[in-house]
Amino acid sequence: MGKFQLFPVQASTLAPEVDHLLYFLLAVTVFFTVLIFGAIFYFAIKYRRRSENELPHVQHTGYTLEILWSVIPFGITMVMFTWGASIFFTASKPPNNAIQIYAVGKQWMWKLEHLEGQREINELHIPVNTPVRLTMASEDVIHSFFVPAFRTKQDVVPGRYSTTWFTATKPGKYHLFCAEYCGTNHSGMIGWVYVMEPMDYQNWLSGGAAEGSMAENGKKLFEQLACNNCHKEDNSGRGPNLVGVFGKQVQLAGGGTVKADEAYFRESILQPQAKIVSGFEPVMPTFQGLVTEEQLVQLVEYVKSLGPKPGAGPVDNGQKPAPKKSSNAGSTPANR
Amino acid sequence: MITAAAQEREHYLNASYGLKSWLLTKDHKRIGLLYLATITLFFFIGGAFATLIRVELLTPQGDLVSSETYNKLFTMHGVMMIFFFLIPSIPAVLGNFFLPMMIGARDLAFPKLNLLSWYLLVVGGLFSLYAMLAGGVDTGWTFYTPYSTTYSNGYVVATALGIFIAGFSSILTGLNFIVTIHRMRAPGMTWFRMPLFVWAHYATSLIQVLGTPVLAVTIVLLFLERVLHLGIFDPARGGDPVLFQHLFWFYSHPAVYIMVLPSMGVVSEIISTFSRKAIFGYRIVAFSSVAIAVLGFLVWGHHLFVSGQSLYAGMVFSFLSYFVAIPSAIKVFNWTATLYKGSISFQTPMLYALGFIGLFTIGGLTGLFVAALGIDIHVTDTYFVVAHFHYIMVGGALMGYLGGMHFWWPKMTGRMYPEGWAKLSALVIFLGFNLTFFPQFILGYLGMPRRYHAYPEEFQVLNVLSTAGASVLAVGYMIPMIYFIWSLRYGKVAPANPWGATGLEWKTSSPPPVHNFEETPVVTHGAYDYASLMAEEVEVG
Amino acid sequence: MADHAPTETLALRVQFDTEAQQKDAATLGMWLFLVTEIMFFGGMFAVYTIYRSWYPDVFAIASSSLNQIIGALNTGVLLLSSFTMVMAVRAGQLGQRKAIVIFLILTLLFGGIFLGVKAYEWNQKFEEHHIPGQAAFHLDGVLPGDQGHAQLFFSIYFAMTGLHALHMVIGVGILLILIVQARKGRFSASYYTPVDVAGLYWHFVDIIWIFLFPLLYLIDRHLVK
Amino acid sequence: MSHPPEKTQIDSVGTYVKILLALLVATAVTTAVSRVDLGAFSTVVALGIACVKMLLVALFFMHLRHSTKLTRLVVLGGLLWLAILLLLTLTDFATRGILGVPGK
């Protein structure tokens, strides 16, 4: 029957924060449940009907009590809201020093790929005490990346990138679930997250049979798909030079700018005409249907590796929020 | 079902006979009974699915049925219970029967439309049953795209069409109620003399009228995408699956209040009657029903916190969600305060009503957990949510429905049910319910995702507990079914007002005459005026 | 009141006390139904708003492929039908039985013309391969990567005009019933509620088109050369 | 048949004709204006004219100006709920990407 538990392990920096809020809510719940149940039992016994003809005489005037028991609970709920929202905000914003890992969900497995090129299916190896940022895509339906021990969950919607992050705090082996119903074998779309000491993680990374880093594989694809015929590094191609572009604001034809992030590259490969870089003709064909989400993330990673901070080190994700209304020409929202 | 005593008097049940007199009836009371038969059938079908689900989850391996079958089971359980049982339950049965009587009307404003509503529910139900027998549908009752439009092989269209048709039944019922309440009140029945049951139904009808059409159009778009490949939500064409979720929950969140508001109305009637005391803060309780209906439309995005909606929208919807807590809290506190210095008797309806308050309190308070963004990340799409909404929809709505059935059964049939058995069943249901669903809170926080056919071994103990509770619960639901039917023939003949209640429906005979009242009542005082009721009784007696 | 062998009339059903109460109830009922219709079309307006704001350029091109002049003329036809409908209601108010029939037939006629023109426009779309979901879909002036967005426009176009047309067809059915009843002389100055209420429905469907026309045919027209 | 329902207000044919003409003119105007580049205002103008047309139809053809307060309340309620649907949906769609993180 497996080991019986009443409370999940805390294995991320987020977990204790979520649990503390839970304790607060539990306390409120217990208090009000006891209050209501207690009052009901007390009144029910004390004021039970003693004769068939008795008629209670109680005058209730004014709304003092009602005001009291709507204002006080409302105040308490506002604490819940603020507290919950601040945790949510933290959980939504990956720190800048997070290591980047890509995940692709498809019926019914999780495919994960490290920058160094290690690929895993339904298993994710990560170092302890290191922020990890997951950029996720789906090949088919909506999935949801859920690690209970980390108290983290994010739906992966097809047609765009989704992001989540966590810092594991305890080495060990933790459940990975798909939490959004995705079809026949939904309950089989599960796996394990292995949290390792940094040394073990380095060993794990260098072991195994990785066929080149993601960026290298992306480069191969880049050449196979003949992207390099137009996107030349000496600015002589029909397409923009991609060196050093990642993370920067790009001038668009017809005015406006867009931040060159993962979502923009993904969109530019699939819908090249959506946001044309200023000074270029809309001549690039679409690669929709020609590349899988897995190949896409490799291509994106390759272009990222050409960015200001080349290589597989910590990734600059552009800390500043994209300026509002960054693109007035934009016919496609990049950050959907 | 006709006794010697009742034979002499004509009432709605013996005014005419034969199948035709039922299938073509325009009498709101008979239509209420038609609904009762229909939704009872749907309830037991939905219950059968629930039983299979719980039995399957006894073991972690998923070895009783295939995962394909399991997915169909929970989908059909949800579809049957929500669209064909809970949403029609109290409004279509008890509301239909008693709303006109409580305001002193001879019938609803549009009796033919009322009959049409019933036929629509039946036709919708038949579509869904057809889909079930033909091979089932496995999308979950939420029909999320693109799974439902592109990937599912089940009978999505037939099921969705069934829901679409049943939706019109719901819309027309709500429309009928609103017009009836506005235009058909007896002389002297002012808004603030109306029973809270009527107020609750007014609020419910607002949701049915304003929300259901959005579900209808969402289903139409789903249909167009699946059958005609219009691809409105198709990410491959730049569509957004999250937009579907917005439209779906615009209706489906308020739909929860369609289920629970009428229950609150029933509970208000029962608590008042069995405390022999006006509801504490009548006006506030009346307004809180309308407030819940209105605020309920502003919070749907809390189903989408991790679905890829924007961070900002998440915060807005979380904030707004907490506003629903105020009118809900007021209701619970005011019911409890009604007991204070009352004259409380513990007949079966009262047991259900008190059970409702307890379970709704827990359901409501756990709603605060899922509305808190930080916690919802962890518990959404887990058994925590499953437990939470069952506390509201079964612990709340269904307890209210059963309480109402016991309260008004004597009026509807002219017969009393056996009190001892009824009390026993109320107790069994309360205990069975808690044993079934309380462990699921813990399971959810441990991280067991919902809609899982197989699960990790460490979750087994709690699942076994839950299944054990479900068996108790199943027994609890069977008992009333048996003694209600038994009482039709063998029950004691019911007097006009067995509980000493104040509503107009108790001023007419049991069962009521065809047009409800021998004479149109003239209302001279507010609901729950026990002093004048007892004074009248003294005069009469 | 509350007689047990009630003598029901069309103008006074048994559940009502007065004819005015019955008429009020019918009118309120229809207005409530129209509110449900607002929400029904509202779902589609939401879809339209979001996609239009995401893909304004492609939507402008797709929108300009519709024939504006035909759209405008058809709007005129529908407005005419609304006029004849309100004239039928007026005839009801005055108890002019013949005029009711004539104006209802005129309304039916204009409604029919509108639907005919709509059918012609749809047929054009088929010939131009502007049918979303078909492999042959192609909209000139839109680059290959954006054809999906153009498909979205036409999906919305067909869904909205299709559901509008469905409402028109239902309206035509109601008109046919009313014409038959009116010819039998069922309506008078004291009982013309069905005409009145059907009029509300007909005008509402007209109002939906009043919005569909600019949303689908006109907005951002100027962006396309 | 008894007396006709009280206080039915009957508008003149002239009123209806005037409204029809106004509607037709508005249709012509909105069609013509759509070819003129008014920038962001083109949408505003198109929808503004549509709203005027809606008001004309509702007030005159649907007799809203003679109707009860309750009927007007029903109409306003319907429009308010439409606004809720559109605005709260837009809280999401108008703020996608504010965090500068894909999917937030």
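Chains here go by letter, A, B, C and D, matching the order in which they are written, and residues are numbered from 1 within each.
Basically, contacts are C-beta pairs under 8 Å (C-beta built on N, C-alpha and C of every residue); 3 or more make two chains touch, one makes a residue touch a chain.
This one's a predicted model, so the numbers in the text were calculated from it and none came from an experiment.
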Result of counting contacting C-beta pairs for A-D and C-D, higher pair
C-D
Taking each chain's centre as the mean of its Cα atoms, which chain lies farthest from chain C?
A
Whole-Å distance, C-alpha centre of chain C to that of chain D, is 14
How many angstrom lie between the CA centroids of chain A and chain D, rounded to a whole number?
41
Distance-wise, how many Å sit between the C-alpha centres of chain A and chain B, to the nearest whole number?
36
Where does chain A touch two or more other chains at once, residue-wise?
92, 154, 157, 160, 162, 271, 288, 332-333, 336
Multi-chain contacts only, two chains or more: what residues does chain C have there?
24, 28, 32, 35, 38-39, 42-43, 46, 50, 54-55, 148-149
Two or more other chains in contact with one residue: find those residues in chain B.
182, 210, 214, 236, 238-240, 242-243, 246, 250, 308, 311
Sort out for me which residues of chain D touch chain C in the complex.
1-6, 8, 10-11, 13, 16-17, 19-20, 23-24, 27-28, 30-31, 34-38, 42-43, 46-47, 49-50, 53-54, 57-58, 60-62, 67-68, 70-71, 74-75, 77-79, 81-82, 85-86, 89-90, 93
Within their complex, chain C touches chain D through residues 9, 11, 19-20, 23-24, 27-28, 31-32, 34-35, 38-39, 42-43, 45-46, 49-50, 53, 68-69, 71-72, 75-76, 79-80, 82-83, 85-87, 90, 93-95, 188-191, 199-200, 203-204, 206-207, 210-211, 213-215, 217-223
What residues of chain C sit close enough to touch chain A in their complex?
54-58, 143-146, 148-149
Contacting residues of chain A [partner chain B, same complex]:
1-8, 17-18, 21-22, 25, 28-29, 32-33, 36-37, 39-40, 43-44, 47-50, 53-56, 58, 60, 63, 65-66, 69-70, 73-74, 77-78, 80-81, 83-89, 91-92, 107, 140-142, 144, 146, 148-149, 151-155, 157-160, 162, 175, 177-188, 190, 271, 288, 332, 336
Residue ranges of chain C in contact with chain B within the complex:
1-2, 4, 6, 13-17, 21, 24-25, 28-29, 32-33, 35-44, 46-47, 50-51, 54-55, 132-134, 148-149, 151-152, 155-156, 158-159, 163
